[in-house]
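Chain IDs A, B, C, D, E and F follow the sequence of writing; residue 1 opens each chain.
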Amino acid sequence: MKQVVGFGDFILRLSPPGYLRFMQASSFDINYTGAEANVLVSLSMMGVDTQFVTRLPDGDVSQAALSTLKKHGVGVSNVAFGGERMGVFYLEKGASQRPSKIVYDRKFTSIAEARYEDFDWDNIFSGAGYFHITGITPALSHTMPDVCIRACEEANRRGIIVTCDLNYRKNMWTPDEAKSVMERIVPLVHTLIANEEDADKVLGIRSEGTDVVSGVINREGYIDVARQICELYGTEQVAVTLRKSLSASDNDWGAMLYTKGKAYFSRTYQVRIVDRVGGGDSFAAGLIYALGHDFDPQHAVEYAAAASCLKQTMEMDFNLSTPEEIERLVAGDGSGRVRR
Amino acid sequence: MKQVVGFGDFILRLSPPGYLRFMQASSFDINYTGAEANVLVSLSMMGVDTQFVTRLPDGDVSQAALSTLKKHGVGVSNVAFGGERMGVFYLEKGASQRPSKIVYDRKFTSIAEARYEDFDWDNIFSGAGYFHITGITPALSHTMPDVCIRACEEANRRGIIVTCDLNYRKNMWTPDEAKSVMERIVPLVHTLIANEEDADKVLGIRSEGTDVVSGVINREGYIDVARQICELYGTEQVAVTLRKSLSASDNDWGAMLYTKGKAYFSRTYQVRIVDRVGGGDSFAAGLIYALGHDFDPQHAVEYAAAASCLKQTMEMDFNLSTPEEIERLVAGDGSGRVRR
Amino acid sequence: MKQVVGFGDFILRLSPPGYLRFMQASSFDINYTGAEANVLVSLSMMGVDTQFVTRLPDGDVSQAALSTLKKHGVGVSNVAFGGERMGVFYLEKGASQRPSKIVYDRKFTSIAEARYEDFDWDNIFSGAGYFHITGITPALSHTMPDVCIRACEEANRRGIIVTCDLNYRKNMWTPDEAKSVMERIVPLVHTLIANEEDADKVLGIRSEGTDVVSGVINREGYIDVARQICELYGTEQVAVTLRKSLSASDNDWGAMLYTKGKAYFSRTYQVRIVDRVGGGDSFAAGLIYALGHDFDPQHAVEYAAAASCLKQTMEMDFNLSTPEEIERLVAGDGSGRVRR
Amino acid sequence: MKQVVGFGDFILRLSPPGYLRFMQASSFDINYTGAEANVLVSLSMMGVDTQFVTRLPDGDVSQAALSTLKKHGVGVSNVAFGGERMGVFYLEKGASQRPSKIVYDRKFTSIAEARYEDFDWDNIFSGAGYFHITGITPALSHTMPDVCIRACEEANRRGIIVTCDLNYRKNMWTPDEAKSVMERIVPLVHTLIANEEDADKVLGIRSEGTDVVSGVINREGYIDVARQICELYGTEQVAVTLRKSLSASDNDWGAMLYTKGKAYFSRTYQVRIVDRVGGGDSFAAGLIYALGHDFDPQHAVEYAAAASCLKQTMEMDFNLSTPEEIERLVAGDGSGRVRR
Amino acid sequence: MKQVVGFGDFILRLSPPGYLRFMQASSFDINYTGAEANVLVSLSMMGVDTQFVTRLPDGDVSQAALSTLKKHGVGVSNVAFGGERMGVFYLEKGASQRPSKIVYDRKFTSIAEARYEDFDWDNIFSGAGYFHITGITPALSHTMPDVCIRACEEANRRGIIVTCDLNYRKNMWTPDEAKSVMERIVPLVHTLIANEEDADKVLGIRSEGTDVVSGVINREGYIDVARQICELYGTEQVAVTLRKSLSASDNDWGAMLYTKGKAYFSRTYQVRIVDRVGGGDSFAAGLIYALGHDFDPQHAVEYAAAASCLKQTMEMDFNLSTPEEIERLVAGDGSGRVRR
Amino acid sequence: MKQVVGFGDFILRLSPPGYLRFMQASSFDINYTGAEANVLVSLSMMGVDTQFVTRLPDGDVSQAALSTLKKHGVGVSNVAFGGERMGVFYLEKGASQRPSKIVYDRKFTSIAEARYEDFDWDNIFSGAGYFHITGITPALSHTMPDVCIRACEEANRRGIIVTCDLNYRKNMWTPDEAKSVMERIVPLVHTLIANEEDADKVLGIRSEGTDVVSGVINREGYIDVARQICELYGTEQVAVTLRKSLSASDNDWGAMLYTKGKAYFSRTYQVRIVDRVGGGDSFAAGLIYALGHDFDPQHAVEYAAAASCLKQTMEMDFNLSTPEEIERLVAGDGSGRVRR
């Protein structure tokens, strides 16, 4: 399949080891991450040509960050340098009834201050078949919505398929702010991805009968939400990840793909969580891979759900699964028996 | 609320990392701990003024130990120095069917050899509203029962509320020894805390139909035990923690509070254990906090149970939960979803 | 009981820490291991006199490897030195739906190139009562079947009881190769051990109605398999370990012992897996211990099953349980409560 | 001696373990630090009452940061909360010919955006005898010079002794900017501290014959510089730390104290560097301690030099030496023999 | 400068952490390495386009190994897959009088069994300007000399400059074997690199008056050796690294470059060793960089010596220095002062 | 040579990792150690048959401790079990001018409370040729001098050679106490070992002109001391280790052996210290090895000095050097060059 380009933030996640709380940690595990970069790493592990576009300050730590993408084969030749800082967030991993906690420090970053002209879009898009962004990128600053919209428009103009994960972050913008921007982006998007909360918070479209905290998920409601999105914005396909959070240690995980008026549900996985961050990103990667390989809708949603199930059994934000590993789970082998 | 003073041992817990057994370890994780100190740290994290009284040998390791209390805001200005040693215990963390193992080395310690006069009780009690001890302190040596009894009497004399966790330790004294001492302390206690075994072992009061090993817990039996205690010793309220140990990895956890002739049960939590040590101490802290804030009995037992549920999802013996975190679980959010 | 001699490979297991994947690791945990050596360490922890025979290259790393056996009391005075290398395998620990992965590098090793004459069998067998091998040893090279068969014959000649775990490894030889060799070894064996797959793969004897991947286990089928083995090869007793792999994190575990025409099933344990490698080896050790202590068949299979249940709650391949710990689980205490 | 108040930034230092470079690190060691906070920790370890004033965002990471000060006894009750972020810097430790490298990310911090009114100066200064700042604090933003100057004036008004370490940071401001601000602060200072570069860069006063890179230090030149400062600004005493950097692993270290027209040089230490960051801060602490204990000038400079020599033999930025340890080195025992 | 292609082994170095001996280690630090790969990583860090050619078994560990090269920007698209295994060596780091120890396990590897046809030389050489090998590659097996000679001949034919580091390994082949092969390779080489022992062991050319163990190095002797090599084999330039090993912790390090009848000596560095492995490789990289940038001979040898001095202040085999860092040391700043 | 029996304490050393201070540590490195046990491990690594006698409490931690001796081949079958506790000491490693610090907690231990009858001396001495104790063992309690004296007498009676390291510990007993006991032991000793301080503190024999703190060592004085000891107590040979502590990081190290009226000095090593604890023990081991192999006095002192030089380049208290490694250093190769 053709190259997938991702555009977004790239930041440093700092986590106390294991289940230590912030106050107990004498070191932080390092994880350079970003919603779009995570998607690209996952695709690159699947053998897809990928390229990541971001903006970082010049310096050794930025180079260290980018080297983790290069390690997994993601192209970084169009990364822009400049600005003041790389974002940071602190993540304390939860367990059982104790939730994970995130403390953000992602303001004033190089990419938040970027303008459209800071990037060489002509070069960026020259070999691309897909362009992936998430709702985090336009939320980074007041100037980023414009950059994102123009980039999506340019992608559309060139016949590049745009995929987008709504990824609403309540501490980055309000639902109203999100809606005013995302309503302009969604019409440019071919494949839209959301989790249980996003459609409601970002587009004001809600699935009746769902209560995120209590974990009740209403299948009919999600179909209804997806149908509304497709009708309102002309979206080709809408995917919804369905997480039932029993506790910080155990989640049920599955997904629905809605396309051409029909909904396809994946099987549901009972996941013993190793690290749930990046679950949605790996789902997006699976879906883009399915798109690029013309999987039928049922296979597509199963592939993406299995990919993201596996991600959550790994440490850190990257999904390092190969297509062979994912297809084995799709085929039903979730027994976890040793592979020699 | 007024200052809470705790009096007891402060010792070094040495644990192999993760699930390693003693024989496999090349390092020990450090955890300076003590039943009463744990209660104070938990209270201090809840914003309560606290002060810990113990006796330690003079030296760098004692200072390192005390610095962990200072770190969490517990006052240590009345700690006495002298004697030969600080106690040590070795803890190997169990998993699944394999139990945790503790090897004690807590004899001949500075506090075990302390006399009542080693402490400046006038200064200690000058600002106190609550005095907390556990059944471990009088078990430390033959001289400690006297110190504890006199301290409780002094607290009573000054109108300071005494709280006590029975905390029976079978390798420290026999039930007979425990009974002869605790029968003199319990009448001085306002709020008494026990786990499933303590009332039977220490006071000879047993709840019919309970089998600790098999995990069967008889609610009616516990109410009966609490009623007997209140009647016998004039205790204001008796709390019982209810642990059903399915395995070293999974416990059910809840509690009952009995006061003014009525029993209040908390909800039961299915806890994926991170570190269960300190669970009872954090419950006591929760209960003392509830007492100091005039929570109604149902709220009190729910708050204390939620606090101690959260403790068991953290590494080490300290409960680092804030009231906000505890109340969120009391309010029903145990889904463990990421908090950004 | 008399000394147990084990003969087989001894190799270096390299594992990324925790749940890291190969690509994420900057260090490997070290675990010198081997199916027969694991059995001996387990027996030695139970107080049995043991001796391990293998062949290793001369050098510091071999000495480091052997020191881990000496640490647990296993005799190594008849280890032969020479040849080119010690084997290595890389093990990535799975979690939930993600299976553990093993990459082997165990060709061309010192033992694979060994001849019968490289070992001083007279000395080796001088004090032995039991001789233990597994199906891995003859699979090491084209010359090893001969060494194993001659060693078993010599053991039989001396009245030493031979025990054997079929332990089929599909990446070491084909079922046909295995069958042609093991059919000559099994008649020399007193106690034969197999897991759910081995009898089928190695001896072509299959239990109807069992599907390893889906985890369905058919008790009647296993009895039938064991009966066939006893009839065909004159085996005294056949034990089968029964693993139901719900996921890489959760397994059901039990076993059957068939002897004198009758089958004995152990209770089934729901194991929260810490490290499942070495589970079968610790079962074999438990069974040999039972044999040496004349346990009745029900006690024997319960003891071996409990021993191997406990192994899987420990890190690394060695079972470090004592008979006291095992018997406590046999007696029903799997509650995992803290032992002080 | 009376309480020492420090005012300045408090930031997170992130360092790869050992001698790893940024690109090699998979974790960062955590070190919450700040020039003024380091001085206070050192003084608190010497038994001095201390209080730190800064401004931090509200949240768990700030609480973790402050807990490290509380651990060492530094008072934090007047810390202001608000603003966007806590600063971060990345430190890669050098060795031999390879220099340590620092990447700063300390803009837009809560304290950089603070105003004079954000702090309760009346409360802050109520028990203080000394007020310590460094040249880093006014360099944090365009608004901070005013806050610093007003705080120093207020301290002067109250008869609180002001001490100041010039601490020039070239990536925070230019010499011109520094000079325009520091020329207003220095006249308010009782004891001024500088390293080999500061006087030149900040005040434009240079000691002839000194070449920082080559490590040549000219004693006469330094006396001349100190004399000029005293004359120009009416400073009571000027201390200069004298570092001869032979390599990142080996430094010569000593100091000069100039007061009442006379210069006092400490002995020179050949330091095998463990962590040189915080060396200057621990020198300042030693000097303030000497000031508060009326040491004669020779003793004062020896004490401060010995304190800071010891700091550089410890990991992280805090000097954890006690007066007893420091005086032993002052007395000449630098043999490093084991103290039992 | 044009692309540099390297051809050789790529193996796993396993080292106990810090100064632990093999017997003390419970984990090994991972370092995928190879003499030629190390050169390429160093060049890639300097901004040079590089490509590594080797042969590895197909599998996850090989992918993990290659990802470390990709991380630093080295191209791996022409790596061949097949064969049995990747080599391993165990390295115990020495200190002071205790030498580092290496235990090799590098036989039977995929590359040792490779044939010339396993590689797509046309593709490999399509963009290359330089081809680098070392004396290790032909020493890998009896078939490798032929592969190396043919590759060098092909490089010569295409006008690609061949560089070679003699790198004699006494446990891989005898001096006689080495000589018979290297005498055929050296005439194809433009730039030859050797350490104090290589010329003697491999080419039988010795510098009088040098005693490697005692550390005496005779400058005139080295010039003589280099002159002989140039005359005998028509080599353009010969570089000799000059290591005086005072102990495992302290080395003097410098180099000589001989070209066009004249010898150029670098300055000598007193290196406090962090990890000396890879020192020679980083020197070769520096020299190739100098060649590609037309440095004059004095600058070339200073640049290469400074680069390799810096390497030895870093952990692991890769030199992660940038040209800016190297030139700063060339310019004389070895003071190790912090760079902010 | 014949078996060497050692008798003494076996305790747990707890050290913060690297150069961390007690207050900074969140884990302790584990090192089960004892002066006599260290000697035996060193001898066992040299191929000598050894047996260690001590008394420990029954339990898992004692078994873990003993397993570290078994790992290195030291026999432990005569260890007595009983009593209350195993000793502990805390060791903070110094650097440069900062000394290492030890906090002892070794009172009330199982061995301190042992009586002569607790050990099966007949069995212990049945195969022994050498009996080694140090001055630490009789210092453990008021009952231990008697046990030690009787054991030495019994050894003398059986013709077993007694070796003794004075090893004065000032926090265990006073010089007067030590003298009154050691004066009864020394006459039973064949080979006596002391460091620079011991002869003075324990026997009241002093070498003029030596100042331990300043590091001045007077060779003639030491000869004089040794001569006096031999004359007074009839000792066969007296060895003195000569440490010049330049700092905690750098020591000069050598030794003198005085026998038959003549003194033999080893060469002096400049040691870059990794861990100096156990240096004296490894010297004793070297000397006993020399005794058992009839080395001439010069070879004996060189061997013992080289052995103990190497020890100090290793982590932890055990010397893991082989005779081959030691003889290589004796032969003059201290260059630390990599051994492949």
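FYI, a contact is a pair of C-beta atoms (placed from the backbone, for glycine too) under 8 Å apart; a residue touches a chain by one contact, two chains touch by 3 or more.
Worth saying up front: this structure is predicted, and the values here are computed from it rather than measured.
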Farthest-lying chain, centroid of Cα atoms versus that of subunit D: C
Equivalent of A-B within the choices C-F, C-E or E-F, defined by over half of its residue contact pairs recurring: E-F
Copies subunit B and subunit E - rotation angle from C-alpha fit, nearest 5 degrees: 180
Between subunit D and subunit A, distance of the C-alpha-averaged centres to the nearest whole Å: 44
Residues of subunit C whose C-beta touches two or more other chains: 21, 23, 26, 67, 71-72, 101
Complex interface listing, subunit F residues touching subunit C: 67-68, 70-73
Residues of subunit E defined as touching subunit C within the complex: 14, 17, 21-23, 25-30, 59-61, 63-64, 67, 84-86, 88, 90, 92, 101, 103, 105, 107-108
Subunit F residues touching subunit E - in the complex, by the definition given at the top: 71-72, 269-274, 306, 309-310, 312-316, 320, 325, 329, 332-340
Residues of subunit D touching subunit E in the complex: 18-21, 23-24, 94-102, 104, 169-171, 212-215, 245-250, 276-277
